[in-house]
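Just so it is clear, A, B, C, D, E and F label the chains in written order, and each chain counts residues from 1 on its own.
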Amino acid sequence: MSTAAVLLETRELGARRGNVELFSGLSFAVTEGELLTVRGPNGSGKTTLLRMLCGLGEPSAGSILWRGEAVAAFDTALRQGVIYFGHATAVKDELTAIENLEFGLALAGLPADNAVVEEALRQVGLYARRQVPARRLSQGQRRRLGLARLLLAHQPLWLLDEPGAALDRQGLALLAQTVAEHLLRGGAALVSTHQDLGIPAARARELLFQ
Amino acid sequence: MSTAAVLLETRELGARRGNVELFSGLSFAVTEGELLTVRGPNGSGKTTLLRMLCGLGEPSAGSILWRGEAVAAFDTALRQGVIYFGHATAVKDELTAIENLEFGLALAGLPADNAVVEEALRQVGLYARRQVPARRLSQGQRRRLGLARLLLAHQPLWLLDEPGAALDRQGLALLAQTVAEHLLRGGAALVSTHQDLGIPAARARELLFQ
Amino acid sequence: MTEREFFGPGEAISWALRRDLRLALRSRGELGVALLFFLIVVSLFPLSVNPDPKLLRTIAPGIAWVSALLATLLALGRLFNNDYADGTLEQMLLSPLPLPGIVGGKVLAHWISTGLPLVLVSPLVAVQFGLGGGELGVLMVSLLLGTPILSMLGAIGAALTLGLRAAPVLLALLVLPLYVPVLIFGAGAVEAHASGLGAGGHLSLLAAGTLLAGLATPWATCTALRIAYE
Amino acid sequence: MTEREFFGPGEAISWALRRDLRLALRSRGELGVALLFFLIVVSLFPLSVNPDPKLLRTIAPGIAWVSALLATLLALGRLFNNDYADGTLEQMLLSPLPLPGIVGGKVLAHWISTGLPLVLVSPLVAVQFGLGGGELGVLMVSLLLGTPILSMLGAIGAALTLGLRAAPVLLALLVLPLYVPVLIFGAGAVEAHASGLGAGGHLSLLAAGTLLAGLATPWATCTALRIAYE
Amino acid sequence: MNTDFFALGGHGLYVWGSYLVTALVMVVEIVLLRHRRRQAVEILQQEAELAEEITKSNESTS
Amino acid sequence: MNFYHYAAPATFYPLAGKLWPWFAAIAALLGLIGLYIGFVVAPTDAQQGEVYRVIFIHVPAAWMSMFIYLVMAGYCALGLAFKTRLSAMMASALAPTGAMFTFVALWTGALWGKPTWGTWWAWDARMTSELILLFLYLGFIALQSAIEDPRRADRAGAVLALVGVVNIPIIYFSVKWWNTLHQGASVSLTAAPKMAETMLWGMLIMALAAWAYAIAMSLLRVRAIIIERERQTEWLVEALEAER
């Protein structure tokens, strides 16, 4: 297990917003099967870091390496290997839950076969509402729709920004289980959170901001 | 303490959305100094209930009484006595934190004196960023701006929909303290949440959905 | 834990006016940009027809007025939409300040940042189309009297289409037919003056319209806003 | 845990096209509404000028084209804005599907739901303004060839103004000047035909413009979109 | 002679109107420019203070 | 001693500070000479009388309006291709001056048109495309000032300016074609050879003055922009101290 391949690495990464330095000299590596939890107070730069790592936005200093090669913003290799799940749920109000999930999967380059999609919706507890336009879903139900996409994703690296937001207890358990299975399959995850998500992981580390 | 005045009361309240009955026959009362926590899984109708109680949307059955008198949606008495803090933070991206808070307070019919406003911002940890346009605030910092409004509110009833969302540990502590002080002053609060907010209250009840 | 009992409409109007003007100024150039839109649209017409000076002079008032309609319409989008999206609008509906006052203040701010600049820039239109001084005067007065109606009627439409996906186009569809009388009297005033009939009748009708709209539309807009929240 | 290596532009185009058309159909009447806007704006002119048949015939092509410009412009607002607000756009930028393909599909869907209906409805304009059959034919062909350019150039502007407060008006300011050649050749084609000069030259220029824009603008739009996320 | 020179054959208004407005917009440009610079320097100083405050408040919380 | 050295704001800021007074002086000097030629040396035009003297401001302004847009687009291309911050700043610094010259060309043209053609404005190809050029400048400025983040503003402005520069010739020819289908506004100056020569010299010298003025203004403006952008850098604080 100690020879697991490095997926993502940062070297002396720095970010400034306006004239404030959020962080600097940040160097770490994420290997296959590893869970890295990012913690820190409000406004410390967790979201900024995750967006930078998935290629939305350029670092002000340092570099990001994907499987050993330096990548720039919007890099193709990154786009094939990473899934980002942030504050915005990318749920279309006009489309039903099924349509949302299908289009979402296709956009992430994942096969969106009907039976599989329905099964995923069942797991996140939206099967009964699969034909309801998403505008009518509650806050938590929208987040669950995002969770359903994760269930079917096989990108090796997941970047999750407060994935537990608005989820009820059962939703949190499902989230923990989904991430844990991903880790077991050899995937890696970077998760920013204020809550305790209780994700079981063989190798887990924490990244603490300030 | 048992003779505390009833602020809000519901009688056989019911809500349906589309052709789904979310809840029905809901009767409860909130008295001064009382904390009522609303819990339930995603999509069970917590947000729907809170919005109904503050006058945004009409119940499908039953009635709402404010200080003993039946009120309809957008009732004037309700608008003077209730503060609602929901998912949408009512923060204007273009305005600075100070301006946001000042206009927000004035809109809620509260005096917005400069020194008080700055003190509230200091308490929620935004003093250093008081002149920064709100678009640059992080998710949690925006919620803290909402919290600052609560700090200064003296409406007797607070309706808070997942007030802990996106707040870090210190933010949660501040929230708990703010609500607790409000209760001590004789106010009441209805709080929907998935987390454990740990608000100290002399009289606390829970409302469980499904 | 006591509620303040009474809030007057003046407080509400001044709150909304100050806030919306501050916002308009904050996004630098918003004022100037609405005005440029008007000028550009006006300039498109001569490019699309034979630029014969006599023809241009004939169609000038019509074009100025149609462009004013469209500029107002375009700016209507930001009247309530932003407030709806970020939740400020629901706070307005829940506020102890009287809603008609808030709405009135917002509409006033909209007119100051959209309609008024059009009036001020209309001399340029006169130059582009070779209008005479008298005609220009009537055009300016008609715009001054007519554009407030456009803002007020538009507010109703903006409230009714709140949060709908096709809102901008739907808004145009709802509001433009309502604008027709204003257009006819506004453009008609200039033509009447040019043909020596005198613009007085047209202009006083516009003035009466502004007064009437000022009395009636705030309530209609408030109702429409409440409907948007069921 | 393996990544699929290659995604072609065809996949991206078809994804975006299917999705955006589905969305356009879903918000019932979105198609019809853009079209009605065009018709209403066109109808405003006869109301605002002296309705002399000869005058109307002269200005008809110009007015049809200006209205087409404005209808396209109005519809541009929903090209990227909704996707930006709900986070779909950032998922598009992060998707393994090639971005130019996605953008191309979106622009195509925009044209199908905005430009194409205008072409189909233009006979009504001909009736309103008393245009002859030959002129109508040229008007329709010019709209068919010219409106795709409007959608493509407009997409650049829509991407550049993404998320800005004054976006709709700013968009107009950026895009309308760029539309001028299309307007001139489009309206000019009908006039040239009417004056017996033949519209061939104008129309082939429009066709060439469409081809060129099809090659160049998707990349500019992609650059602009990425810029919006820094 | 002087009045002749300024009258410019009856078209003085047009010619001087051109030159004067040109001079005017140049002056306006220069004034705006000075204003912009002064404001930039001012904001710079304000933000220096603000940044200090933020770093200080960060230190005190952590 | 390489290009990148001077492309660094830290080196360019003091350099611009040293250069601008020279260009301002050149502008003032040439402007005075040009005005002297224009009002004293050049004789009255036989056909137009005195009003043609507008030409000494009109033509240089019209030239500069177009030239500055080209230079601006060039800087934008550099900025997009090589991500050099300074070229993007130069582009933003040039835009207001360009818009100013465009306005002057329009204004003087209108004032010239009234006595000679009897109208302030005609929809002739040159005038119309100059008007559209003004809209393009204003669009560029409006876009940049609507975007808060300077990096995004730079790059968005660059895309716009480049799209615009491709369009300018298309716009010019389309307008020209559209117009000449119907009419041609013609005006001529009585071109006695000696007259033509003084006029040409006057125009050239005024154009050079305008050029020097534009350089001085953009250098000054780029210094302000550098202050806005570089903010907390130490060298800037020191440079400002030194200037005080």
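We adopt the following convention: contacts are C-beta pairs under 8 Å (C-beta built on N, C-alpha and C of every residue); 3 or more make two chains touch, one makes a residue touch a chain.
Keep in mind it's a predicted model, so treat the numbers as computed, not measured.
Peer 1: Once you count every C-beta pair in contact for both, which comes out on top, C-F or B-E?
Peer 2: Looking at contacts between chains, C-F has the larger number.
Peer 1: Among all chains, whose Cα centre is located farthest from the one for chain B?
Peer 2: Relative to chain B, the chain with the farthest C-alpha centre is F.
Peer 1: Return the distance between the CA-based centres of chain A and chain B, expressed in whole Å.
Peer 2: Result: the chain centres lie 30 Å from each other.
Peer 1: Using CA atom averages as chain centres, what separation in Å is found between chain B and chain F?
Peer 2: Going by mean C-alpha positions, chain B sits 57 Å from chain F.
Peer 1: From the mean C-alpha coordinate of chain A to that of chain D, what's the distance rounded to whole Å?
Peer 2: Each chain reduced to its C-alpha mean, chain A and chain D end up 36 Å apart.
Peer 1: Indicate the residues of chain B shared as contacts by at least two other chains.
Peer 2: Answer for chain B, listing residues that touch two or more other chains: 87, 93-94, 125, 129, 170.
Peer 1: At which residue positions does chain C touch at least two other chains?
Peer 2: 23, 27, 29, 33, 36, 40, 47, 50, 82, 165
Peer 1: What parts of chain F, by residue number, touch at least two of the other chains?
Peer 2: 135, 138, 142, 146, 175, 178, 231-232
Peer 1: Given the complex with chain F, which residues does chain D contribute to the contact?
Peer 2: By the definition above, chain D touches chain F via 153, 156, 160-161, 164-166, 170, 173-174, 176-178, 180-181, 184-185, 188, 191-192, 197, 220, 223-224, 227-228, 230.
Peer 1: Would you pull the chain A residues touching chain B in the complex into a rising list?
Peer 2: Interface residues on the chain A side: 17-18, 40-43, 47, 87, 125, 129, 132, 136-141, 143-144, 162, 165-172, 194-195.
Peer 1: Mind listing the chain C positions that touch chain F in their complex?
Peer 2: Within the complex, chain C contacts chain F at residues 27-29, 32-33, 36, 40, 43, 46-47, 50-53, 56, 127-128, 130.
Peer 1: Any idea which chain F residues touch chain C in the complex?
Peer 2: 110, 119-123, 128, 131, 135, 138, 141-142, 145-146, 175, 178-179, 182-183
Peer 1: Touching residues of chain F toward chain D in the complex: what are they?
Peer 2: 80, 132, 135-136, 138-139, 142-143, 146-147, 149, 151-152, 155-156, 159-160, 162-164, 167, 170-171, 174-175, 177-178, 181
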